[in-house]
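Paired with subunit B in one complex and with subunit C in the other, subunit A is shared by the two complexes that follow.
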Partner chain A sequence: MEEKRIGVYICWCGSNIAKMIDVGRIAKETQKFSNVVMARDYKYMCSDPGQETLISDIKKYKLNRIVVAACSPRLHEPTFRKALEQAGMNPYLFQMANIREQDSWVHIDREYATLKALSLIKAAVSRVYHHKPLEKRSVEVNPATLIIGGGISGISAALEIANAGKQVYLVEKSDALGGITARLDLSFPFLESVRQMLKPKIQQVQAHKLIDVFLNPTFEDITGYVGNFKSKIRQNGPEKELLFGNIIVATGLQAFNPEVIPEYGYGKLPDVITSLEMEEMLMRGNVITSNGKEPENIAIIHCVGSRNSKYHPYCSRTCCSTALKYANQLRSMLPDSNIYELYADMRTFGKGCEEFYSDSSRRKILFLMFDQEEGLPNISKAPQNDSSEMIINMHEKLSGEEIEIPADMVILMTAMEAQNDAKDIARLTGISLCSNDFYIEKHPKLDPVATTTDGVYIVGTCQSPKDIVESIAQAKAAAARVLASIAVVNMEVEVTTAHVNEDVCCGCQTCIMVCPYTAIHFDEEKKVSVVNEALCKGCGTCGSTCPTGAIESRHFTDIQILSQIEGLLKSEKESI
Partner chain B sequence: MSKETKNKPKLKLAIYWGAACGGCCISVLDVHEKLFDVVAVADLVFWPIALDVKYADVEAMENGFIDVTLYNGAVRNSENEHMAKLLRQKSKILIAYGSCAHLGGIPGLANFHNKEEIFERVYHTSESTVNKERVEPVTSYKVAEGTLSLPEFFNDVRALDQVVDVDYYLPGCPPQTERFVEVFMAIVTNASLPPNGSVVGATEKAQCDECQRKKTDNKRIKQFKRLVEVIDDGETCFLEQGIICMGPATRSGCGYRCIEGNSPCQGCYGPPSTSPDPGAKMMSAIATMIDSNDPDEIIKIVEQIEDPAGTFYRFSLPGSILRRKLIETQT
Partner chain C sequence: MAFEPTIISFLCNWCSYTGADLAGTSRIPYAPNLRTIRIMCSGRIEPTFVLKAFREGADGVLMCGCHPGDCHYHEGNYKCLRRYHLLQKYLQQMGIKKERVRLEWISASEGKQFAALANEFTETIRQLGPCKIKGVMETLT
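And then the complex of A and B:
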């Protein structure tokens, strides 16, 4: 076995570390650790001269393992790994000890902080002893893209990618494109026809040479990894194999079913309808009650299933503006009617929407506020001789009064919720769900359309409730990400992956279920689990799950972690 | 027996029990008529269960006089320790025989307590004890005839290799007799022996590799059950029925006798070489199988596990990373 020659470099980080930690003493003490050939302290290890010292020492003292005790590895691990590569070393024969964020910055006792630094360095030295060189790998990216969902988001992304000359497979589970957008009459706040906007887009998709549309298909498991996914699809004919490099999930939303809210009587009172049922009426051009009459009193109730801990805690974000849209349309269609907006909070954000609200407030629409915590408005059938069909009882928050509102028609602004099959699609594509079953983005601010699975993007309302504008913006953002990855041609993949030792794996299959990236499958012939290393992100879940110890998480092996712990505890004992 | 082995000088074999139940010695006796084959090629020079040989006789032997010693049982007291050191000195090959010598075994579970607690329970609070004078064992006691002595009871139970260097480990509670015969014959016939420190008489793979029950990746547990609480179809993986089976964390080689008898593996053969701590490994695996994301429900499900320490560390506590319950030292 090769002799381990470890170099340890202790950074002052100006005074950031040196002020609280006796770096000179540490360097002297560290020199005594077994296998440490060279230990130095230096003002700024990350500076050019700092890195040059490291590189020249590696050559001069034939160092083959390096520890830098400095800041967080999140900051400078890449810097020092690069320096190792420049010196001809494998970049993974390196370990950082964080003596800044985890030590000098958080302690006020210099002696204690110095001893702690020594422990952290001893842990790093014990660990780096067991490091193994790892090789970088890359995969070729297939230029085709699979888009799941043919609503406005999926359509927008498809056109963006296909117009750039790349193949798109667009899969829609229903038998028509357009999604929920196709069921809307006008858009807010400018009251333009959705159909006029959507129809040409659908026609473009259908006519596009580079877009293959699959309606209502049967769809097999997606296998593979970023750059090289594979699936089989069947749509009234023979099965077709699809190969693609990226996936855009645009599966959209479903409307909340208000039957579960007893106060609203939906399903029992025929003239209590949902917003989507209202859209249908508006598209047909006649708004009538179940008796075939024009309604005299119309109530629009906001936040149905939204912002309520019993149903969905989140805001569905489009209902307030949509409710205003109905009020405006109804005001024009039925100029003599009484229109009531029963809202919990008016949330008309977005370009032109607040203006839309203030314009609407001048159009003889009565706004009444309720508090979801104190109780929902209650709808009941009116007594027989009453002038209206229904009575709504509510506590009006602003006046503090208990009031009765007559209603011949009630429109429930139902929440947007995740599709029933959101979990299936998540499993199919290897992405995760939040507690509300919307898909989770890689970073809520910095990476809003990517997911933690490379090559899988999420756009539109499957990620969270949003309007058409936002959905299209996301679709185009994801399309740009996909096109960028296709332009790269070869993509670097994770090296700190999991690996199954086939001589030990007993085939219990405990690991398969826990893998969040569906990177593990069971080889029926060999009776062992197999990790697809291109798909593996090195999260380590399988390694810690494996009861046999057959799975090794590269760069986080048992021996590496246990040695690190041992180093940490031993040095503490010795130095006290 | 071949002529070749007959003409060789006989091997000198010793068998000793430390903190043991006697089952390991019985497993040697279980060779039945093969015992004649054994004694044809080996002289038993020391075996307290079967032969009247005194410790002084062993002390009188030259170093390395014994060819092979099978040491079974854990090291619980000073007598066990003394004999472990003595037999190491006198033996060319020292084999840790059985779970207790290998990893500490059942007596090793006492490491969840310390000496004081054990004495309190055994000599004072146990239901069948009447001990008004609070008599406890002492290491020496003067009587008219002279001084009587008893071995010292340690705080820790240790596996054999935590006391002396061990050449091979033959795991099991007890080791399967056939495996013992195989290993013994390999030594007798001078077959090439594995490197020092190897586990012999067991395979690298875990129990599931041999287990014929149907296994899938669908190991989701909503309720942990004891064997009596299910109607076992004899075919489905125990874990998939909510019954804790140490199989995936345990070496095979025993012929998966328990599982064939429709009882889950308890882990006596110890972990594969890749696993530093079978209890921790198995707990980690079990944790991923619990089918809930609700913290309160998870706690309820976990509480259904009867005796988790004794389940996951039944045979391996002293030899595990955990080793024992923390003893609070005065600072």
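And then the complex of A and C:
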């Protein structure tokens, strides 16, 4: 048997790890572990010099197992696996110890944090001893793409991919393309018509030979994996089987229902309307109250359901600029009206938007500030004979005064929220939701349109509130990722699948019953179970069910996990 | 010296381990007693792993998976749940209090909940005191 020569690398992550964990002491202690040939600490292991040290050590000291104690393996495991490959090693002869996210960032006692790190490293060393080289497997990528959602994000991604010559299946749950963007009149900050921008795009999609649009279809479970997904779809007529290699989720948002905020009287006071209802009015070209009159006093209330712990904690990001857009449009349409912007904080980020704010403030628009924590403005019906329909009472924050504002029309800038069926789509595509039901990206900075499920991308407002510009940017980014995977033709996939040792298999077929992917079948001749590795996703359920231990869950084998447990507990007693 | 328990936790890669990472990126401090083993799915947790942890000196074992219906592999968490009920019975027969092993669901967005669970479970085990099974086994063999 080959001699195991283990190298251990402890990352400082600048001061992220080093300030809470005594990295020097750990390197010294680790050096004493059996089979450890080399233990070093270094400022940034993921940096080029960090990786170069690793690669040159592998060659110089003939290392054949590597442990890196650093951040979460979810972040840099692929980085270090690549470094191993560059050094001529099999990438699976590697284990990470997570001493940042699950140690230095969550503990406040340096001694405890250091001991915990030592124990995690000991476990990684014990585990990596039993790692085996695994052969890479690649799959052919089906060049078609499924896009779920036919709003501006889905449309943009579809055109990008189809214009590159690849097939797109665009699925939209309503009976028209365009999504919520189709319900907007003008865009900010340049007050251009959204319709003029969107309509040609929709026409291009409808006319494109490589885009199949399915409106209001019934949709079956998606099966398969990156490169080879499968589903069945029905839209007036026979069921059609769809095969595709990648999925883009572009399911968009829904508007917050302001009926739940008692102060605003939405649903009770007829002239309290939402921003989307205002868009409808603007598209029709006449702004009138429920009495059919032009409003003299118009109030626009910001942050309706946003940035409020009772409703949604987050900022919906587009409402401030949209509110300014309304003020500008109304100023032109009703030059003699009084326009009030009731805001909590003005957040007009983005190209040209701060300038838009500053220009708007010179157009006879009155800005009044309120504090959501101290109480929302309260809208009530004005007494009869009053010149206005409604009265808004509010505490104006900057002057410190209680004031009354007359209003004939109130526009509520409602929050963007996740779709009611966000969870269903998450299950369908195997992606996760954040606490606000928006989809979670693979990495918030380094991989913002990918998800933890390979081959599934998220774009537009289903990922978080954003404007049209950002949605289109994400859609095109995801399209680029999809096209890159198609260009590769054969894509490398995880090989941490299950494997049956035929000599030990007793033929009980328990594994076949528990496999969620019907990836195991029974060989009647040999009387043993056989794993179809193309279907196996490596969950390991069969491995923990097998009564004889015939099934090996590659890279998560019994001996690997058991020795990890031993490592965790041994170091504790030995080194304290 | 006051007793500080050692706890082994098995976290599934997709939900619970990600949730624990989120506690880290959100810098939510919690008890340093947990030692985590990452597995792909809670369905991979063999009862043997839990028994091994107690045999090697763990005072408690925490298993976490995705919430029901959210398993990345459809239903691995349900399989884990079934084994958990059996395991609790078995542990009691061996003289290990069933409170020493716990199964909880933690999603990828529940960093706060993970930190709270770590604190609460550590406190439970602290109250129960050290698990003596390792010593007993060593005396016997």
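Methods note: the second predicted complex is superposed on the first by the 373 of 576 C-alpha atoms of A that agree within 3 Å, B and C clash if a C-alpha of one lies under 4 Å from a C-alpha of the other, contacts with A are read in each partner's own complex, and residues count from 1 in each chain.
Just so we're on the same page, a contact is a pair of C-beta atoms (placed from the backbone, for glycine too) under 8 Å apart; a residue touches a chain by one contact, two chains touch by 3 or more.
Note that the coordinates shown come from a computational prediction; the quantities given were computed from them, not determined experimentally.
Once chain A of one complex is fitted onto chain A of the other, the partner contacts of A:S358 are absent, as it touches neither subunit B nor subunit C.
Contact with both subunit B and subunit C is seen for A:D558 once the two complexes are overlaid on the shared chain. In the superposition on chain A, A:T545 makes contact with both subunit B and subunit C.
When both complexes are overlaid on chain A, the residue A:G507 reaches subunit B alone and has no touch with subunit C. Once chain A of one complex is fitted onto chain A of the other, the partner contacts of A:N420 are absent, as it touches neither subunit B nor subunit C.
Between subunit B and subunit C, it is C that contacts the larger number of residues in subunit A. By the document's definition of touching, of the two partners only subunit C reaches A:K116; subunit B does not. By the touch criterion defined above, A:F522 lies against subunit B but remains apart from subunit C after alignment on the C-alpha atoms of chain A. Touched by subunit B in one complex and by subunit C in the other are residues 514, 541, 544-545, 558, 562 of subunit A. Taken in their complex, subunit B has these residues touching subunit A: 204-209, 215-220, 237, 239, 247-249, 252, 271-276, 278, 281-282, 284-285, 288-289, 321.
Residues 72-74, 98, 100-103, 105-109, 112-113, 115-116, 119-120, 123, 426-427, 430, 432-435, 440, 452-453, 496, 514, 516-517, 537-541, 543-545, 553, 556, 558, 561-562, 564-566, 568-570, 572-573 of subunit A touch subunit C in their complex.
For subunit C in complex with subunit A, the touching residues are 6, 8, 13-15, 17-18, 20-21, 23-25, 27-30, 32, 35-41, 43-46, 48-49, 52-53, 56-58, 69-70, 72-76, 79, 83, 107-110, 115.
Touching subunit B in their complex are the following residues of subunit A: 501, 503-510, 512-514, 522, 527, 541, 544-550, 552, 558-559, 562.
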